[in-house]
Amino acid sequence: FVSCSTKENKNTLRIYAASGTRVPCETICTQYELNQGLTVDRNYASSGILAKQIENGADADLFISASKEWIDYLLRKNKLVDSTITLLAENRLAIITSINNTDFKIDYNTSFNINSITPERMAIGDPQYVPVGMYAKAVLDSLNWYAALNQKIIMTKDVTSVLHLVEMNECDWGIVYYTEALQSKKVKIVSEIPTSLHPPILFYMAEVKKDTNKALPLLHFFASIEGERIFAFHGYSAVTNKTYLARNTH
Amino acid sequence: MKLELKNITHRLGLNSFSYNTTITNDITGIYGPSGAGKTTLLNCIAGIEKPLSGSIVFNDKTLFHHDEGINTPVNKRNLGVVFQDNYLFPHLTILQNLNYSKPYIKNRTRYIDFDKVVSLLGIEDLLTKKPNQLSGGEKQRVAIGRTLLSQPELLLFDEPFSNLDRRKRKQIISYLLKINHQFKIPLLIISHDLEDILKLTNHLLIINNGCIEAAGDYLNISEEGHVPDIICHKRYINIFEAYCSGFDVHEKQVSFSASPSSHNKLHLSQSTSMLQNNIQLGQRIRLCLHPDDIALANNRVEGVSIQNQLKGRITQIISSRGSHYVTVDCGFVLVAEVTQAAVKTLQLELGQTVYCLIKAKAIEVVHSYIS
Amino acid sequence: MKLELKNITHRLGLNSFSYNTTITNDITGIYGPSGAGKTTLLNCIAGIEKPLSGSIVFNDKTLFHHDEGINTPVNKRNLGVVFQDNYLFPHLTILQNLNYSKPYIKNRTRYIDFDKVVSLLGIEDLLTKKPNQLSGGEKQRVAIGRTLLSQPELLLFDEPFSNLDRRKRKQIISYLLKINHQFKIPLLIISHDLEDILKLTNHLLIINNGCIEAAGDYLNISEEGHVPDIICHKRYINIFEAYCSGFDVHEKQVSFSASPSSHNKLHLSQSTSMLQNNIQLGQRIRLCLHPDDIALANNRVEGVSIQNQLKGRITQIISSRGSHYVTVDCGFVLVAEVTQAAVKTLQLELGQTVYCLIKAKAIEVVHSYIS
Amino acid sequence: MFTSTELDIIWLTIKVALVSTAVSLPISVLLGWIFARKNITCKPLLEGLVALPLVAPPVVTGYLLLLLLGRNGWIGRWLDQTLDIQLAFNFAALVIASVVVSLPLAVRTIRSAFELVDPVYEKASHTLGASKRSTFFRVTLPMAMPGIVSGMILSFARSLGEFGATITLAGNIIGKTQTLSLMVYANMQVPDKEMEVARLVIISLLISLAAIIASEYLKRRNSYLSK
Amino acid sequence: MFTSTELDIIWLTIKVALVSTAVSLPISVLLGWIFARKNITCKPLLEGLVALPLVAPPVVTGYLLLLLLGRNGWIGRWLDQTLDIQLAFNFAALVIASVVVSLPLAVRTIRSAFELVDPVYEKASHTLGASKRSTFFRVTLPMAMPGIVSGMILSFARSLGEFGATITLAGNIIGKTQTLSLMVYANMQVPDKEMEVARLVIISLLISLAAIIASEYLKRRNSYLSK
């Protein structure tokens, strides 16, 4: 069993995608497989794990990251072809609550008493390391709500956990990606958070450095109109300028 | 005491057992070949094995009754078991082992004293050790001590002396006789050493093939001829009691008689063990004498080293498998074992007067009662 | 055989041990009070305990030498140990226990036959059981069998008979004498039953307080007076060999003499066990007789039940703690135990001619050698 | 060497591990004993239930616990409404998650230790007057000590490393429910924090080594087999 | 009842669990024995190393393994270049992750079982001519059987539930390295798949129950204590 060599199959592409993008990714890859007669192996995990796997020699062809940090990280490790870095889609944040709860209104300004809609607790991703949490914290910070909520904030390890907590009504409300909020039938969207309150939420894609460029067509397919349509279908917004200027960030 | 086993049956693997007896003697020996079912009998009484049928009643207390659904839990039976394999608690020190039952005997009469038992058993120096640091005999002594200290109402001893030297055995046997005498605690004892048993009691249960083959006085048992195996050389012992009736300071001898009034006297060397403590006139002792240590003669014999020549009358002659047992009443009732040839030569007959020739050295003192 | 223990010292907790002896007898008994250090001695020889100093050499093979750093692993010592506590492998059946050593004896001479041992020990029916389903005596027999079947070159037996009945003991002792005789496998045996030991050998090691207090022939040992404890009632035995010299069909007696030419004859009842198999003229047997079963007389005594009256000469009189042991050479060299009073009455002196009065029943046949 | 936040976290972690070991000990001893000695009818079912947190990914376990114990959970709602006790998102949640997740380990280990204690000693204890209860505490339990200690060590170490169920049931409230292993995980998810991860893992390891050494001492004191 | 993909995953999961149990058995028996009976100098170090995967969150363990065994890892690079063996992102990786993560459990359990076997039986075996090796296999090992079996069960169940180290070292590659528990995780990530999650968890549980029942049989066959 030791020598399950990954080299033998020339007709296989390997895409390492952040687990948040699973649903559109699956659609796109399946379609691509049908079109091209190739196999696309999909590996879903958190962006951090994927980046570390790639760093340590995982045989990936493409990488989809939910945060810029990990793209930069791999760039520094010289693992990505920098010319291929593409902004894939943009996401928004939404405030959700359990389907059983009554609606409430939120004013996005500092004078709004956020505690009035938070009898016990609310949930966000852990801003230390969960991208959706970082954006949420940016929103809460910009409105001075983060301090106001004090110990009512439950920080989870990923966006689905926020969703679960709100679904079970363990938390009065939560901040998740708009796209996740759409998928669950047990939560309702109270309000979409204005994108001006946080840095743009961007999903990146890049080709992993290799001898061949065989994965490029798939990357292009992701960035194509068709790809965009599929992302949009699942709630993402299109990104107008898809080129990522790596060197600008440093 | 009364221990009644009624139609007890049990089964272990392919071996079946059935016990049916009533034990009334204070001390009863259980004797039988290896694998006969002696331990199983004890286990049934103790409640370690649950019989398939029957009932066990001890002094009006029903320990087990199959049909009535009674099965007194082991710890409520107040029995003291010395197991064949000791089963000292390996994680406890000897002191802790000995004191194990302490919390459970609060409302029981305590007749056994810790210090006395420990010094009798010679385990004073072992108290801080753990069982795995003891020798075989030391373990056995601790097991006896642990059981006695649980102040049981009935003692069940399974080969308690097998790893002990003669001297220790003797001391313990004497102690058991003492507590039995003082506190009336009945004892059932299994041993392969008939001598050990007979020093304690004449009452035997003979177990063979999972059944009680015979029960009663060992003389009667052997007479019935059921149990050829127990009647073999050196296995058959006269145990009797006598009263100190005089001293011969010069010859260093003590004399004993069956009753204060009896003429027939046994002479023992004062150096015989158990006699060394100051014995008093009229004091009662328990003696032991092998049948083949008694020679019979038609007349008093002169010029032999044999010191005791008791005149008596033959009351019984039993023949069994080539051996001849002659019971002579000479104040003490003694059984002598003689050959076919001797029976012929001496023309032994019922009612005949004979002399029992007994070497002083052949008599063993089992226990001297404190009057 | 030669087993040399030179300046062996050892320590267990607070107990120190020192052994220094050379054993040359084929069978040696180890005797001593409980806790004396008998098992520890065996453990040192077997390699289970590693002594602190000294050396152990068995027949030119150095088992242990502290200074030279030699410590032959236990499994290379080819010893057979019967432990005091059996230690049968609980997870294996009896058959598997008995065959445990099979893979390791490929290149050793096999002198012990499986079927023979199993039937001798009477464990045929137990082969499929596991040790926890056996009685105490059954475990002990299996342990003996397991050890014998490892075809050892030296047997170390620690209380091997403590849970066995007399009959089984006798059979096993006879078997041990047989293999010792046939294959010259030496045996060291610990027992609290001096009778068992003495049936096997006259050569003893007396252990007390962690030291070898005495070694040698048990008569000499007792003469030296070192070991008061072993010379107590019934512990002192004449063991001697005799040749079948005639039959008396009518009286159902067999007679034996010290040598084919000797006049002095011992008469035994034919029904005595071990004589029942057809005994032949000239056949050698090993007999056992307690000193206090021998009475002395100045003249032949008539009209007593005692069948054997052997004429002999007193060669030694030993006095020890009030007991008197008189050695009489009457073809057989026999030791009789008599009282102070008897010594006086009969005026026993060295060189004097006396008659040894021995009841036929008092003589036990230990083993009959196949000629 | 440590920031005060770190010290708080270390202390919280140790507290959780100790408390959850203490809580799981009696439960796992009881279950281990039942599994080893009793022949109850619903045994396979119970065994499956205990094994569940081992077989399911910890996140699922945490999710199930939340379903049960959350404020809208079957048990949680009742506790909340009648006794005003909340079990999620606080210290209790940390302990519960740890206990549930480490229980299968402790139960198994302790059970096999009980299976290795010869019941004859229990019988001997009965003959000396001890009830079943008393016998259990004075004979069976101490004789199974090496296994009990091993079970506790496993519980303790598993507590230290517990992450999945904890974060689901207890969330991560900084200063309230953040344990070492949540912090390790957080640092794993951020680029270039490898040294920090290593540092935290080594701290965990040192804590568990301390526990192991303490347990060796406990065991040695109780050892009763021949050398 | 099952889709063919699911059947593949179930089969892969069982295969991984079986293989990793089989691999971890000899290792944990050896380590358990050393810890129970030997007094080696570097014991605490070794103990710590074995305990590491228990104390650190599985993701960290997986990461460490990746550092070692990945194509750029210290061992992985050498294996890749000289022997053309890859240990990450394939079946081998699944097994390795499972083995490493379950080792501390098996070692502990087996160790405490060895500690409960009285060494006098080993001595008895030596006197019958058996070498140390032979004695180990014929006496010590079978006498510790309840513990060994428990250790195997723990390994097996832990394998079934293993997620963190696996996703890091082996990836979550559908049809290749996705096991039941990764699939459970994946389903957890998607809303409204609770029934699917429940279904998969129950399958895992059934597999582990089968293992438990098999182990009971194994143990009963080897039981030697009095009833």
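By letter and in written order, the chains are A, B, C, D and E; residue numbering begins at 1 in each of them.
What we mean here is this: a residue touches a chain if its C-beta (ideal position, glycine included) is under 8 Å from a C-beta of that chain, and two chains touch if they have at least 3 such contacts.
A quick note: this is a predicted structure, and the numbers were derived from the prediction, not measured.
Chains touching both chain B and chain C: none. Hopping across touching chains, the smallest step count from chain C to chain D is 2. Of all chains, the one whose mean C-alpha position sits at the greatest distance from that of chain E is B. If you average the Cα atoms of chain B and of chain E, the two centres end up 60 Å apart.
Separating the centre of chain A from that of chain D, both taken as means of CA atoms, is a distance of 35 Å.
For the pair chain D and chain E, the distance between mean C-alpha positions equals 19 Å. If you average the CA atoms of chain C and of chain E, the two centres end up 56 Å from each other. Residues of chain C in contact with two or more other chains: 85. In chain D, the residues that reach two or more other chains under the touch definition are 63, 120, 185, 188, 225-226.
Residues of chain A found to touch two or more other chains are 49.
Touching chain pairs in this entry, ordered by label, are A-D, A-E, B-C, B-D, C-E, D-E. Remark: chain D residues 44, 47-48, 51-60, 63, 104-105, 108-109, 111-113, 115-120, 144, 146-147, 149-151, 153-154, 157-158, 160-161, 163-164, 181, 184-185, 188, 197, 201, 204-205, 207-209, 212-213, 219, 225-227 touch chain E in the complex. Those residues of chain E that touch chain A in the complex are listed here as 19, 59, 63, 66-67, 70-73, 76-77, 80, 84-92, 95, 167-168, 171-176, 186, 188-192.
Within the complex, the chain D residues that touch chain B are 120-121, 123-132, 134, 138-139, 142-143, 145, 222, 224-226.
Of all residues in chain C, only 12-13, 32-35, 38-39, 84-85, 129, 133-138, 140-141, 158-159, 162-168, 192, 194, 229, 232-235, 251-253, 267, 269-273, 292-293, 295-299, 301, 303-307, 321-323, 336-346, 348, 357, 359-362, 364 touch chain B in the complex they form.
Of all residues in chain C, only 46-48, 73-75, 77-81, 83, 85, 87, 89-92, 100-101, 103-105, 130-132, 146-147, 150 touch chain E in the complex they form.
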